[in-house]
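In this document, chain identifiers A, B, C and D correspond to the written order of the chains, with residue numbering beginning at 1 in each.
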């Protein structure tokens, strides 16, 4: 029997080596695998290269990993945000390396790694600083830059539900980078709100087939969900509203 | 109000010009938009370039379009089949041009057209006849050939259900080329078994978002389905079994 | 003398140019305002690059869903007919030219349609590009929504951008608080003047030679 | 003297080398037989390139579903835990190296692992490649299942392929009716001999110098 579920987030991140390249899903806080990141911090791996759209928000999740001094380099599209003070401080102090990639090129480079594409010509970034030093070519009257795949040793992502084969479904815009990062890492580790029986996910609606997934850990529902239904009463960071009926 | 539904297959194929490049969905018979192809034959456009995985089966659908002498060139991966006599005859008679593309490169080139990729390096076909004359490059120790997008003037595809915005869901392996062809054509025309109310397709499960779709026509359920449920009693070509309870 | 329209009026002006049935991406910041002026009786489908077509308005405070946000990481809703997809599919949609319109802010727009809106190039600033470069090249029409002048009174319409570029030759039209400009092969053409603005006055403000297209449209 | 095993025995032999939990694509033709010998008490997940993971066995005649077929266009079923996807995603799965094993037929395999299985190059033949070239380069292990000799008695294992190539240096192991061969940097190594075959006998049949790896494995 195939069973990719593991009992705890500690088991889920076991074996992650110092110096690894790790993709972390999420767009801002949506879809960020906070429980896995916390486990990664506790696990202790350092000298990491992180691939994420952002560079952490507030003091939790990815920001906490950065604050713990574990990250050598970050590959992302949008590090500077109103609440990215942890990254900002490290960057200004010269304590972290940044590779800035336009968001669509970031997504396509991750997909390319998962799809076995050696490189591709993208129209995004042509003629800008972010294309400097890159090979350029005109095809059919349009200019393109050559972009290479981004692959990773590990992907840490968050999904709504998963089964023991690793089939996944996501929720709303928390889907974002999860499905492509799952394809681009040697080992893909997924936190789900809930594991479900094999066969209970409709094969028409599986977003990430289990072939891309190595470990699945259930971490319980988000605060804004109850019995699978949306109940609200939280702010955009998922904190309970004052006076909300919890 | 946006309403991409049209009343008939004739309306669906209206305006298709002689000389067009047309993608036709389907893998063999599964997902082949037979009703749209019949309408295209009746419509009369000729000198067509067709993109399909195959080159027609038996005497219906794509094979009938070929038999009607409407196709100048076909771009496909697998023309020769046990029941591809129509194509075979035209090919041997020098009456049709063939561009043979490995199936995965065909799919990726179609996707590239829809995704605005100028070209990509594929490992498939390296060192074979089908890569002759193509640019080759070694990247990270592996050899690749450069492949260019395939775009079309029209795509004719088949889906299970669609709404008036053009959102689509498919059925089983009849999905095949539909979702990528929809992205790669200037005008995408879809036959569905059934049109459904806007909002009745779960946004998590829409496979082709309506942005890729221009016209939707309902053609009624396949013979092997009843009220949305599979009832069987057909052979692999969809013909009723003898003595079956129809 | 009135020479500037309000930001809301500008948003309404842009909204009026968006046809029913259009697929539209509204950039972070001021362009988001355009959504408030899209006619309620027409269907215009909003795309947000973090994976949603058919984005609806902001929810009430007790119905905020942290899993359902826009590219600015603000809470939104999904309309009937919406669809979710992953980031590669979302940017394929943009890069592949499937959006009809995107509306972006700008630091500068050049008369050849170059856009600068992601970095002032100031030393020490932390760079962040997000989806700006993909949006700039990824819609059939790229509208810019901006004040004509900076707070220091410098024209944002320029002969050549001095700020780092977001995209080359990508802008099709610029909606400013003074006038609407089309980007053409002959440089900026004034499409519409707001208030008491004149072509000559705008030429003085921008230091550019402007084509007059206002009559043709009447 | 027995020097050949049956096709079913060969399929069983291959099935025995596929570990539980593997993701496997079985090519059209003889390789399809391998499915019949996968142990019922183990979970091995079959991929078919036309868009399904978790492919199950053929349905009874009255339950044939024309929408549910394999790459050979034969009716199949879907197992609990299956997933459907479109062609670009399916071939991304293959090209990206996510399949553990694929099993293919062959006209010829060279001692450097080149595969020829899509065209005899005969003049006038209608070419058809399908997914053969993608499969050849798209799995961690590429197994070939074939008779050692053609009907004319020529070896399918060759120093260099004379037929048009499907893939270069892609085959990892060849299961023939006479023996099992690993493709190594030193050419073919005999991994297992069936019946009364000997290394020397196989060298005579193939005209190749073969390495003996049979003892190491015992």
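Here is the rule we go by: a residue touches a chain if its C-beta (ideal position, glycine included) is under 8 Å from a C-beta of that chain, and two chains touch if they have at least 3 such contacts.
Owing to the predicted nature of the structure, the values given are computational and were not obtained by experimental measurement.
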Q: With centres defined as the mean of C-alpha atoms, identify the chain lying farthest from chain D.
A: C
**Q.** Centroid distance [mean C-alpha coordinates] between chain D and chain A, Å
**A.** 36
Q: Return the distance between the CA-based centres of chain C and chain D, expressed in whole Å.
A: 55
Q. Could you state the distance in Å from the CA-based centre of chain A to that of chain C?
A. 29
Q: Mind pulling the residue numbers of chain A that touch at least two other chains?
A: 108, 111, 115-117, 122-123, 170-172, 203-204
Q) Where does chain D touch two or more other chains at once, residue-wise? A) 52, 78, 84-85, 91-92, 94-95, 138
Q. What chain-chain pairs meet the touch criterion?
A. A-B, A-C, A-D, B-C, B-D
**Q.** chain C-facing residues of chain A, complex
**A.** 27-31, 53, 77-81, 87-88, 91-92, 98, 100-105, 107-108, 110-111, 122-130, 143, 170-180, 207, 222, 224, 230, 232-238, 241, 244
Q: Give every residue of chain B touching chain C within the complex, in rising order.
A: 1-2, 111, 113-117, 163, 165, 167, 183, 198-199, 201, 203-204, 206, 209-212
Q) Once bound in the complex, which stretches of chain D touch chain A? A) 20-21, 23, 43, 45, 47, 52-54, 78, 80-85, 91-99, 138
Q. Which of the residues in chain A end up touching chain B in this complex?
A. 108, 112, 115-123, 137, 139-140, 142, 144, 148, 169-172, 202-205
(Q) With touch defined as at the start, can you tell me which chain C residues reach chain A in the complex? (A) 48-52, 59, 61-69, 73-75, 78, 84-88, 90-92, 94-95, 114, 119, 124, 126-134, 137-138, 164-168
